[in-house]
Each structure stands twice: as C-alpha cells, then as structure tokens.
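Heads up, the next two complexes both have subunit A, just with different partners, subunit B and then subunit C.
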Partner chain A sequence: MPIKKRGTGLTAVADAWQLADIDVTASYPIRPYTAVMAEVAKRIANGQMKCEMVHGEGEHAQFSIAHGASMAGARATTGSSGVGVTYAFEVYSPIAGGRCPIQALVGDRTLDPPGDFGSEHTDCLTLRDNGWIYGWAENAQESLDNSLMYFRIGEDPDIMLPQIVAMDGYFVTHIAQEYEMPDQEQVDKFLPPFRPQFRLDVNNPVIMGPQIEPEMGPPLEWDRNVVMDRVKAKIAAVTEEFGKVFGRKYAPFVEEYMTEDADMVFLLQGAHAITCRSAIKYLREAGYKVGMCRLRWFRPFPDMALKQILPKFKVVGVIDTNTSYGASGGGGVLLVETRAAVSELANKPMIQGFTSGLGGETITHEEFFKMAEMMRETLRAGRIIQDSTWVNFNDYVEGASEVKAAQQEVAQTKE
Partner chain B sequence: MAVAEMIKSIAQAPEKEYYLPGHRTCAGCGPALAYRLIAKAAGKNTIFIGPTGCMYVANTSYACGPWAVPWTHAQITNGGAVGSGIEAAFKMMIKKGKIQDEFPNIIVMAGDGGAIDIGLQAASAMMYRGHDVLFVMYDNESYANTGIQTSPATPYGATTMFTPAGPEIPEAKKFFPKDPMALFCGGGHPEVKYGATASVSYPIDLMNKVRKGLAYEGPAFLHVQCPCPKGWTFPADRTVELGKLAVEVGMWFLYELENGVKKFSYTPKKLKPVEEYLQTQGRFSHLQPEHIAKLQAWVNAKAQNLGLEVPLPPVR
Partner chain C sequence: MSKVYKQVPFAAIVPSPTVANEGMVTGNWRYLRPVVDKAECTQCKTCWVFCPDACVNMSADEGVSFNLKYCKGCGVCSNVCPVGAISRVPELDFEE
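This part shows the complex of A and B:
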C-alpha cells in the first residue's frame, strides 16, 4: 500500500531512489541538495537500501563516478546545487553523449557571487545544451513522481539519456509537506530493472568513448539530436502510464491553470507556481482574465505544446527565476525559449519577460499583481511596452492598481 | 589477497595478447609497449579505463580500439573517479546478484598529466577511498598527444613546446618533477598497500608488478617509465635501450613499496654519470655543464633518499 508521508522534496526523491533500487550513488556536500545524500546514507546504514555510496571529492568526481557506474550497468544517481552544478561542467556532455542514463537531483541554488543559498534556476539551466533531459518539480510529490518517470524515460532502450530532477532549493527541498510514497509493487510494475544493451562486460568486450575523425562526429550528433525529439513521444506515453499505475495525472509538458477564458497568462516553472495559482485567484476576483502555464519539462523544451497552447492568449508574461545576462530580450532563459517556440506562428501572442524570485526570494502576491498590471498595460497598448522587466527594478506601472486599491480599502476598514 | 601467479621468463609469459596491432602509435612508442605488457599480464578478466592522453588519441582515432578486453575513455581529469564508479558498480551488482560476473581487474591507464597533474585529485580520492583498482601512470614525461608540452613529470632541463631553451632561460624546464610514488605510496593514502615503479625495458618485472598490484584487494599504484622517441627526441629503435640507460644512470629507479616496505627490483652496481643519458636525447642537447651538475646532484640526492647503496658519480 502507498504510504502517506510528511517530508521534503529531498526525502521524496530518496524514497524514489529506494524504490528504484539504485546500485550506486555519489555524494559531495553542498546546500541545499545535500540532505538527499544524508537520507540515503542513513538508509544504507540501517539496511533499508542496498547501494554503494561513493563520497566524491567534488561534483566533477560525483558525476564521473556515476558515469563509470552506469557504464558498468548500474542504476546510478548523484546530485548537486549552485556552483557545485557548474563545477562538474566538463562531464555532462560525455555522460549524455555516452548515453549513460544516470539521474541527478539538482536543488537550485544561486550561483556565486554573492554567496547565497537561495533558489535560482541558473545553475541547472546552464546545462541546457549538453543533452540531458530535465524539468522542474513544484513540490515533494512531483519530485518523487518525476524521479520515477525520469528513470523510466531515460533508461528506455530507445532513449538512453541522463536526467535531472530539478527543484527549487528550500521551497521544494526543505519545506515539509505531505506526499505519498508508492509501494514497491506499483513501482516494479512501472519501472523495469536497468539492463543496458551494452555495458563493460569482459565476456562481450566493447570500446566506449573512442576518438573519431571529424567526419564521423556529425552522424553521432545527429543521433543525439534525433533522440531528443524521440523523447517527447516517450514523455507523453510514460506520463499517461504513470497516471494509470499510480493514480496521479500530470500534464505531460505544460500544466494549464485557469486558462480557459484567459486573455493573459503567466508562464513559469517550479515552485513559484504554487504562489502564482493563489495570486491568480485574487486577480480573477479583481477582474483580470489571467491564467498560468507551468512547464513540466525544460529539455526537451515543450515547443510543440506551447505552439498549441499560447495562441489562445493575447499576452504571455514569462517569469524567469534565472539570469542570462545579455540574452535576447534582456530577460532570462525562458523568455528566449518561449519566444523562439512560437516565433513563426502568425497568431502568436505578445510575449514579455519578467525576472523575479532571484536569490531565493519568494515571488509575492504583490509582485504577481504588479506583473498582471503590466501585462494588462501591454494588452491595452496592443504592443510590447518593455521587452523584459526586472520586477521591483524597472517596473513600468505602479503596481496592480485595482487589486492594490481593494487591499487598501480592506486595510482602511480594519483601521 | 589473492596470490599473484608470477612470470619467470619471457618464454613463460602468456602468449595471448589483449592489446593488438591496428593502432597508430608512433614507431618505438614506449606507452604502447607498456599497454601490451600490462594487458598481457592482466589477462581476459580486465577492464581498462583510458583517460585522455596519447593512449586514447593514438589508439582509438577511428571509433575503434586495439583492445580485446573492455575499454572505456575517461576525461583526462577523472580516470580515478570513473574507475571508482565502475568498481563500486561491480561490487554492488555482484552483491545483489544482478550480474553473474566474476569481479574484474579494473585498471586505469593514465598518462603523467592524467595521473599527477589535472587527474591528481581523482587519483588521490580513488586511492583514499580504497577502490579495488590498479592505477597505472604510464609516464612519457610530457603531454605528448598535444605535441609535447611540459608536465609535472618532465625532467629538469628538458625542452618541450612550453619550455623552450633560450638566452633568458638556458636550462629550458626549471622545475624538478613531482615524485608520484611519494605522493601516492608515501603513507598519505593508507589504503594503498602496494606501489611500484617499473619500466617497459624490464618486461618481466613490469608484468609481475601488474599481477601483484591486481592481487591486492584495494588500490594499487604502478609508475611505469615509457620512453617516447618523439617527445625525448631519439631514434625510434632505441626505446628499450634508453629505458635501461635511465636505470643505469639513476634517472629511473626500480622498486616496490609493499605494506610500507621498500624493495629494489633491480640495482645497478654503480650509477653511471647522468650525462651519458642526457647525450642520447635531443631534449637535453642545450644543457650547459652547470645544468648537468644540478641534475647530477638531484639524481644523487634521490638515490640517497631512496637508500640505494651504490657508488654515485661525482657532481662536477
């Protein structure tokens, strides 16, 4: 029977790794992801999990250890945060190019400087061109569920790609919340054992990762490109099957919230979606026809889904909880990707960028109201007023006027 | 510890090769010879990890490789870490019964850069953690696949692309090399019970040291001198001769450190002057008498530190 538990995104992923019977995990301490390794260590020590935990001497080693373990045929995991993620940069492409489906947990942390524990998606987004598949979970339950789905998708013989279960540091990694841990029987039904077609096996010797001549490279890269495309169909199928086995249904690529009659939507990923939904309720009461699109995947980027969904709206406010200094549009990574996804559509909406929630700050109701107000200005003007706005830094409206007025009214009555 | 089956003579060495013809290493390549002997000694139940270096580039250039056993590339940075992961995986998968394999010989074949320069961190951590891996440093005393640049194993006074000799720097390379045996087997890595130096010019000794290292449970280290005709600038038919001469002059010492006990594998009756060795290689051709004296003093000090009790040449 599934068990109701109280825990965090990290204990939830530890549950997933236990259920997936991982063979090797590689650790190195950095906040906030660290607690998943502490949890796995505890479970190994008390006999709950049978797994080799290798204490890497840094993140570069962590990912290399998991890479080696995967080539030997093991189900291997690791994880990191912030500058730990970028310290390992060299080895991401070799792991993906070697088609080793290891799984990493990234609990987002702001890159230095300044030293900041808070969540920003920049760490994990820097990996976007390395051939890993990943997306953000908004809570503990989705972290656990994503971990299981990612193993299933990444280890599929047609795919064989490494995955990152990404989640906002603190908001998902550390806030205690209710979730359900599936039972072993369900997981065994959903996730077959990892049996790669090729592994390091003395009875069937293979050469892995040889050097090649220039003309031999492009076909291999074409294959990596093709498989990224193939992942999309697999995501759709596996997400549906997951719903059938575990009873939790997810939109495969983009979750829509209150979009049916919306003329404008927030587009974001990760934990801020929770505050966003609640802000939308207030905004709706104040007459804003606003909804939300939450990306469940970042790589592959859900461009086909967005091509279908976004033309329904007039204004899309892309919220970037990351920085990409000098990027097209002056905002973050999601703005660039979203605009590119629909750029060739005749009926594309106006797409503007917001940078918010940096440094681990929550995006407050007030800030969502401000963004809604700015989007409404765009709607009224019928053109993009400002490509991208750093909320609280270069807002072009005072704030959500109607919502603010209502709040002030309430405040006055209280006085 | 399993008992290593020793090879008594070349005639008794296994005939079966696991490092086969069909690669494009240079004529007279020392590292290729090392690979052949190490693979032969280790046998079929072996997995090689090859961090970037000559033995990656020259062996695998056409999406294939000359090994009859499994081989995988690692980055030049992470041979020790990839080896650790492979070892951990086999240990756990065998324990869980997920595979029926016999635990394999796992050998990292790192060049000098991949072992004691950019790869040092991963090598050190692998040994600290006690992984059952033989870490071989095939030492051709430079970054050779990139066209001969200085590494921490390049001898004092050698020219490389990054250390040319000129009026301002007449001796070319100014630093003395790191000592890998001291780094890995000097007591700083308590899990390492066996470490040895070897040379391609002493094949029986090399093969037996491979077997001894593999027989130990836990990490073992082998530092193999591999003369490099291109990098050292000498004729390709003199590789083995130069390896021997290195030992005769004390530019290489053959010894083992087994459970903390040092044992010389071969000791010349007396050390020849280092100049005899320097004369054989273009990389030293610019050296002035004062540089040669400095190198001789270093050789003598090293011999004394190691406890080699043979007559030493005078420092002039």
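This part shows the complex of A and C:
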C-alpha cells in the first residue's frame, strides 16, 4: 500500500532512491542538497537502505565517483546545489557522453554573488548544453515521481543518459508537505533493474572514454544529438505509463492551467507555479483572461509541445527565475528558448520576458498582478513594449517610456 | 557527396586492445625517458602494476624494460618505485 507521508522534496527523493534500490550514492555537503545526503546516510545506518555511500572531497570528485560507479554497472546517484553544481562542471559532459545514466538531485541555489542560500535556477541551467536530461519539480510529490520516471527514461537501453531531478531550493527541498510514497511492488513493476550493455568487467575488458581519433568526434556527437530526440518520445510513453501504474497523471512536457479561453499566459517552471495558480484565480475574478503553462522538462526543451500550445494565446509572459547576462532579449534562459521554439511560426504570440524570484525571493501575488498588467498593456498595444522586464526594477506602466525619458532629462540638468 | 566518417561504437566504448594500436603511437610525446638501474631493481613489479599505459615489460631474463614506442614519459613508474631504481633522463641526452 502507498504510504501517506509528511516530508520535504528531499525526503521524497530519498524515498524514491530507496524504492529504486540504488547501489551507490556519492555525497558532498552543500545546502540545500545536504539534507538528502543526511537522510540517505540515516537510512543506510538504520538498515532501511542497502547502498554504498562514498563521500567525495568536493563536487568534482563526487560526480566522478558516481560516474565510475555507473561504469561498473551500479545504479548511482549524487547531487548538489549552487556553486557545488558549477564546481563539478568538467565532468558533466564526460558522464553524458559516456552514456552513464546516473541521477543527480539539484536543489537549486544562487551562484556567487550574492552567495545567499535562496533558490534560483541559474546553477542547473548552466548545464544545459552538456547532454543531461532534466526538468523542475514543483513539489515533493512531483520530485519523487520525477525521480522514478527519470531512472526509467535515462536507463532505457535506447537512451542511456544522466538525469537531474531539479527542484527549487527550500521551496521544495525544505518545506514540509504531504505526499505519497508508492508501494515497492508498483515501483518494481515500473522500474526494471539497471542492466547496462557495457560495464567494467575483468572477464570482458573494455575501454570507456578512450582517446578517440579526431574523425570519430563528429559522429560521436551526432549520436548524442540523435538520442536527445529519442528522449522526447520516451518521455511521452513513460509519463503515460507512470500514470497508469501509480494513478498520478502528469502532462508529459507542458502543464496547462486555465488556458482554454486565455488570451495571455505566464510560462514558467518549478515551485512558483503554485503561487502563480492562486494569483490567476484572483486575476480571473478581476477580468484578466490569463492562464499558465508550466514546463515539466527543460532538456530536452519541449519545443514541439510549445509550437502546438502557444499559438492559442496573444501574449506569453515568460518568467525567468535565473540570470543569463547579455542574453538575447535581456531576460533569462527561458525567454531565449521559448522565443526560439516558436520563432518560425506565422501565428506566434507576442513573447515578453520577466525576471523575478531571484535570490530565493517568493514571487508574490502582487508581482504576478503587476506582470499581468504589463502583459495586458502589451496586448492593448499590439506590440512588445519592452523585451524583458526585471520585476520591481524596470516595470512599465502606460506612458512609461515618456516618463523615463523625462526623468533622464531632468537628471542631466541636475548635473 | 557527403563525407564518410569512421564508425564509432556506442559511447566510444571499445574492447581493450590486445595488439599495439598503430593509429595512436604516443612514444613521441615523451621528453623524459624512464631508465631502470638493473643493479637496484628488485623486480617487485610495482611499476608494472602502476603504468597507466601497460608500457612496462617484465621478463625473467631481462627484468624490467619499457615499451618506448608508446611510453608517454609520465613518470609514474619512477615515482612509485620503492627503491628508486627508475630515473627520468631527458630525451635529448639520447642519440636515437
């Protein structure tokens, strides 16, 4: 029987790892990831989990340990946060290129500066070109469910890619909430044991990650490109099967909320979706025809789904809880990706960017209202007024550009 | 006409080589050559175990010798030798 529990995103993932019967986990402390490490250590000590825990001397070693364990045929996990994620940067591509399907948990956290502990998606988004597959969970239940789905997708013999179960630091990793831990029998039915085609074996020696000749580079990278396309079909199939086995149905790529008659939508990922939904209820009462699209995957990016969904709307407000300084449009990573996904469609909506929720801040109702108001002005104007708006920093209201110009003129006369 | 690339196995995972790979001769990377002092060498095989490129040969008659066609000169053998029998000599000191 599934067990109703009260816990956090991290205990939920520890539950998933316990149910998946992982063989090795590699650890190194950094908040908020640390709590899952402590939880797994406790379960090993209590005899609840039978798994080898190897403590690295840093994140680079930590991810390398999981890499080696995976080569040896182990179902291996690891994880980190913030600058820990970036300290391990060198090894992400070798793990994915070596087709070692380890699973990492990233409770996201700001990079330095500001060096605070709060959630920000930037750390994990910097890995986007390295061939890992990942997306953000919005709560503990989805973290647990994603973990199981990711193992299944990543370890599929047609895929063999490492995965990141990403979640907003503290909002998901540390806030106690209700969730359901599935039954071991269900999980065994859904997730077969990890049996890689190649593993380190003295009786059948192979070289993994050999020095290859230059002419072998492009075809190897082509393989990595092709498999990313295969992942999309696998995600759709596995998400559906997950729903049948566990009774929790997720949209494979993009969750839509109140979009049937919407002329504008917020597009975001992760835990801010929860606040967004409740803000939308108020906005609807006030007459805004607004909805929400929540991305369940970031890599592979759900471009095909967005091509189908977004033309229904007139304005899309992409909320970036990350920074990508100097990026096209002046916003974050999601703005660039979303615009690119639909750029060649004739009936594409107007897409504007919002940067909000940085440094662990909650995106409040008032901020969602502000964004909705700015989107409505875009709708009325029939054109993008400002590519990217950092909420509370350069918000615009009607006639904002004239006001700003006047202020600048005044400032000059003062000097 | 499109270019024909070499076939690459899955994740470039290949069987361990059983013969020398003529396509990847690495001996010319070396600038310090390992030289063993046979009077000091105890034939303990530590260098043979540690050489990352399997370039240490052992024989009952000859003792330790090095496969200089592939030895990159990394110096691990010299570092691990418990009796200090392996020195590293600049390549320019040799005629050939």
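Assume the second predicted complex is superposed on the first by the 397 of 415 C-alpha atoms of A that agree within 3 Å, B and C clash if a C-alpha of one lies under 4 Å from a C-alpha of the other, contacts with A are read in each partner's own complex, and residues count from 1 in each chain.
In this text, a contact is a pair of C-beta atoms (placed from the backbone, for glycine too) under 8 Å apart; a residue touches a chain by one contact, two chains touch by 3 or more.
Note that this is a predicted model, so its numbers are computed, not measured.
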item	value
When subunit B and subunit C are modelled together on subunit A, clash or fit	clash
First, second, both or neither for A:His60, with subunit B first and subunit C second	first
Per-residue contact with subunit A, leading partner among subunit C and subunit B	B
Which of subunit B and subunit C A:Glu90 touches, first, second, both or neither	first
Touching partner for A:Arg248 - first (subunit B), second (subunit C), both, neither	neither
Partner chain in contact with A:Glu215 - subunit B first, subunit C second, else both or neither	second
Touching partner for A:Val202 - first (subunit B), second (subunit C), both, neither	first
Partner chain in contact with A:Lys307 - subunit B first, subunit C second, else both or neither	neither
First, second, both or neither for A:Lys5, with subunit B first and subunit C second	neither
First (subunit B), second (subunit C), both or neither touched by A:Arg31	neither
Partner chain(s) touched by A:Ala69 [first = subunit B, second = subunit C, both, neither]	first
Single subunit B stretch clashing with subunit C - from 74-82, 92-100, 182-190 or 218-226	218-226
On subunit A, positions contacted by subunit B and by subunit C	205-213, 216
Contact set on subunit C toward subunit A in their complex	5-8, 10-17, 23-24
Of subunit A, residues touching subunit C in the complex	97-99, 160, 197-198, 205-213, 215-216, 218-220, 223
Of all residues in subunit B, those that touch subunit A in their complex	44-47, 49, 56-57, 60-65, 67-75, 77-78, 80-93, 95-96, 98-99, 101, 104, 121-122, 124-125, 128-129
Subunit A - residues contacting subunit B, complex	21, 23-24, 26, 50-52, 54-58, 60-61, 64-74, 76, 90-91, 94, 193, 200-203, 205-213, 216
